[in-house]
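Paired with chain B in one complex and with chain C in the other, chain A is shared by the two complexes that follow.
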Partner chain A sequence: MTRTAHQSFDPGLLIIPAFALLILLFVIPLAWFFVGVFAEEEGVSAVMHRFIDVLSAPGIVNALITTNWISAMVTALTLVIGYPIAYYLANNTGWRFALVLFCIIVPYFTSVIVRTYSWMVLLGRNGTINQALLSLGVIDAPLPLLYNKMGVLIGMTYVLLPYMVLTLYATMRGIDSNLVRAAYGLGASPVYTFRKVYFPLSLHGVVSGSLIVFILAIGFFITPALMGGPSDVMIAMLIERAVEITLDWTSAAIMSVALLAMTLVLYVIYYRVTDVRRMMGA
Partner chain B sequence: MSGDTKVRLSRRQVTTALGTSLIAAPFIITRPTWANVQLPVRTPGGSFDEVKKEHVYDPFRKATGIEIVPVPATVAKLLAMHKSGNMEVDLIDTGDDTLLQLDQAGALMPMDYSVFKMTNPEDLDPIVKRKEQVGNFVYAMVMGYHTAAYAKGKEPKSWAEFWDIKAFPGPRTLPDMASGSPNLEFALVADGVAPTNDKIYPLDIDRAFNSMSRVRPAITKFWDTGALSTQMLADKEVVLASLWSTRLGVAIDKGAPLGAQWNQNMVLVQSYGIPKGSKNVDAALKFIDFSLSPDIQSAWMRAYKAIPVNKKSYPATAPELLDPKTNLPWTQAGFRRDIDWWAANRTKVNAVWQKWVLR
Partner chain C sequence: MAQQEVQAAPSHHATDGLGTVSLQRVTKRYGEEAVVDDISIDIRSGEFFSLLGPSGSGKTTTLMMIAGFANVDGGRILVDGVDITTRSPQARGFGMVFQNYAIFPHLNVFENVAFPLRARGAPEADIKRRVGDALALVRLERFADRFSRQLSGGQQQRVAIARAIVFEPRVVLMDEPLGALDKNLRYDMQVEIKEIQRQLGMTVVYVTHDQEEAMNMSDRIGVMNRGRIEQVATPGEMYERPVNTFIGRFLGEANLIEGTLQDVSSAGAILRISHGLVLNAPSASTDLAGKKVHLFIRPERISVSAPPADAARPGTNSVAGQVRRRSFLGNVNRYAVTVGAAEITVDIQNTGGPGFEVGDDVALTWAVADSLVLGS
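Then we have the complex of A and B:
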């Protein structure tokens, strides 16, 4: 019987290699780092004091706020820009589909640093965009597009857009087009159909895509370091500085714990949201 | 069908290739170990290594049979190697401030000058000779300017003028805390402190940051990597910068319309240190001795546009690095960054910096 054949192999076993890799290369080194660093402090209360000191320092509080604000903005921007692209991909085939997909995936073969420097050439005070606008007489003085929050948002949105598009696309491909056709058949307008049928069905992808982009964004380092201004400091930049420049690994570990905690909280929210939707039969 | 054949063919090729390489591997891997000795050295990499390979590594290999193997590693990685008791490099070639940090973490062995045969330690610039490390070239933090921004001879000539954003308008860049240390020294010099070591150090941190606040409105961005500093100046994102003389020299050589202002320069040192756990201390010392010797220093510094540590090589210094008044390297007229002060105060400055950038 096929039944016994199925029972002899538990598909859950397939997760073991991935799980082992995660434990070996992520959990153990992380635990080793935290234990090693905190062991240098004297006692639990000393560690707690360091936690409070580090996480209440104005520079770090501000970096945490900036990190969340920039990540939220980038998430919103990738969603607004990525949704129509994903919709186009999900509803086209052939060369149109291939071309758009190609344009989205190809930048992945170039390093983030090269792509960021390219943006700097475009956005600079004497960059391509400002030169063009100045020569057309649209503006009188160069626009400040780089070395400020605007620069960070442009750079990060560009780098993270494919994650949003591909996640949305995966969900949109699963939407039964007969439902949309049925709505039209029953006399619903395109806007009404989108609002009441298509969008709610794509909501799962919107939540997944937003969380993936947000979680990736809060750990960003290269783009804000190169394209941001002096006060656009994200938490990953401070962690790197504590590890490499001041060699203050206790502070680095504490900031890393804070960043990891933020990420884990978001994962919990993610599971709650998806579970609730399943319970409601969505 | 033809697709099937292709797959089978390539699979067979892969198997054959794998088999062959497995059989050959022991020979390929063991051959160099008896042909010559390999010395893994932490180096900054990039164009630095290209120049050094031609003028130092290759001649050293010819002379001794020892092959230098450059290894990239950050200070954090080196410290982690030390803490885990598994030092993967036999010699470290990096900034003197970084080596001091490693030494204070107990990661370095004392430098043994007594075994030098090709280099007379007496010929070395005294500022590069320390008990835990020895410099291999000298460079400086200097003022760089875009030649299109100022009429010839009208560019700022002192840090006070760099700080004077009304008389010398235009966007500027200074090093970020993330580069290792911000220019608190120049901030004090701009505020009227004499540009000498005894007047600048110990740094008055509050006064320095107050002075930094005065130039802040003209700062487009603080640079964190040397590449960014020259890129911003060459692209005219900024017209004035404080940056490394070596980076600026390379950009000028490549034809960028930039100039260097050496007045009130801050002297920096690239250095060697031997880590505890080095598996070949003798070869490391032999290499240090070789690369500091007059002939090697002359050839290497002529190509790299930095200043020799061996005084016997001063005549070979590139002319643009010489002070026309004394015909000595410009760094002889500068003040030296006090790495001991920075090692003791970097964490404190970092905390003040983090608050200050938010203003």
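Then we have the complex of A and C:
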């Protein structure tokens, strides 16, 4: 390659393979699916009718409510559990930091199915936890930890926790430790400093992490399918059922559009939040 | 600073005798190494005291121990006679100005300055009044709603100062507060900080590596080097009578002419330097007789004239030399003159004359009383 060729090389070209992959494997099949399904309907108004019919069917409304409720709960749980872990990571170095980070990241590399089955072993009626509690005499009858909302929440919180921790950690690492020191030096107690300085400065991470976890949670399929009960039907499970069992591809497409729309709205919010953070110079 | 703003400032504890800080044999170790080694300083009420030293001298560590951010490994720190060595930083009640301002980015100027008051649970009306006063003092009244990212470096520095004084602490600690500002702004801020300190009468402990800054602002300076205090003195005293060669070199320009000290008496001494040359030296400790010492003399205390050198009159030195270099510094001409094997720097006020050229033979003259014998 000549010198001029080197100079005229546009680094923007490097993104082309990624774009091509995305379009080939994601945009085209999705468009194919939607076009194929909706082309069978007669005209736009018919499609609109199908939309209203499908999205107002009681089963689907229930699934949407359940999906949002479970996602919100999981988001709250990952936040409550993840915040102290991220704080610990951001304020420790050396082997303690490495150990905690290892414990957070390694499960991340394991298949979701494997992790979910592991939880089922732990949580089942005759699972490890119930047997331990029974033999200790803490409880008289096994606790219902599996095949209900509790099971779904435990499983999903576990799977999504690393996303929350790592997002919070990234924000917390960016907090200037001099600001905390300044607050102490100016007479603020540790609690006051946390409430008025540290937490507000970590708020971007809280919002970003919550949005990421929520976005991932609303599309969850494996964990609620394996660990939930009959009433814990999430929207992704209905889509799968429509495609695989009832072969009602139109309903599947409509539910997919609804899910995609929700995700995009949340993504826009996420984008705005991170944009604001850039504006704040944090 | 305008007169009216001066009067708007709170000035209630100018001379109440409080705000003394006493370091007694304070030591800080990191592993085996003592980064602050057995230092004792008594800082007076209302004094502007600077800790001056090169980086790694332990000055910032000393300030952090006073502030409570670094543990004291030996010795005690007293404030107004009360031992605070083991108190938490927030219980010490100092005002603090940090190196990179440490302005809270999520709070506006008003809330930043109000922070120490809110942390102490001050009533809202009180907060309004005091923040208003503090902002007036640093001339930032019109910037109360701004955020730090909307302020210049000098303005951020003013916010940091207002925040440190708003709760009227007896003692304010400042850690290289002007380090990030450019030179002209630095000088203005030095004057401004000094003015605020004079009005409020608080004690200031100020850390800097900039000797001009320390000399300009301080009532007294403590020069630190390798974890020890080398000298504590007023700027004038330290400049005129450094206790050792380190201080002499560190504060301003200095000639340190090496030689062997002889004939030490109460009237004076003789310094034998290279090439059989002999200089008159002031009286010194008899312990130094026969030893290698340095004769300390400031470049501006030496005069240059055309040769020949006068026969040395008592009380003066007059030696022949040759100009090796000439640097034009604007207000002064700086000559490097070789005398024997020694090179002596001389600053001559630029009064418009032609001066001397490189290669000229000259005579250097100075009063013995302006020089000082410093042990090696």
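We take it that the second predicted complex is superposed on the first by the 247 of 282 C-alpha atoms of A that agree within 3 Å, B and C clash if a C-alpha of one lies under 4 Å from a C-alpha of the other, contacts with A are read in each partner's own complex, and residues count from 1 in each chain.
Keep in mind that, in the parts below, a contact is a pair of C-beta atoms (placed from the backbone, for glycine too) under 8 Å apart; a residue touches a chain by one contact, two chains touch by 3 or more.
Fair warning: this is a prediction, and the values are worked out from it, not measured in the lab.
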| item | value |
| --- | --- |
| Superposition on chain A - do chain B and chain C clash or fit | fit |
| Chain B or chain C, by number of chain A residues touched | B |
| Inter-chain angle, chain B to chain C through the CA centre of chain A, in degrees rounded to a multiple of 10 | 150 |
| Partner chain(s) touched by A:42 [first = chain B, second = chain C, both, neither] | neither |
| First, second, both or neither for A:192, with chain B first and chain C second | second |
| Touched partner set for A:10, first chain B, second chain C, both or neither | neither |
| Touched partner set for A:140, first chain B, second chain C, both or neither | neither |
| Which of chain B and chain C A:183 touches, first, second, both or neither | second |
| Which of chain B and chain C A:200 touches, first, second, both or neither | second |
| Nearest Cα pair across chain B and chain C, whole Å | 32 |
| Chain B and chain C footprints on chain A, overlapping residues | none |
| Touch list for chain B against partner chain A, complex | 74-76, 79, 83, 101, 105, 171, 176-178, 180, 216, 219-222, 224, 228, 231, 235-237, 346-347, 350-351, 353-355, 357-358 |
| In the complex with chain C, residue positions of chain A that touch it | 176, 178-179, 181-189, 192, 196-197, 200-201, 280-282 |
| Chain C - residues contacting chain A, complex | 67-69, 88-90, 93-96, 98-100, 102, 104-106, 115-116, 118-120, 149, 163-164, 167, 173 |
| For the chain A and chain B complex, residues of the former touching the latter | 36, 57-60, 62-63, 117, 120-121, 124-127, 146-147, 225-226, 229-231, 233, 237-238, 240-241, 243-248 |
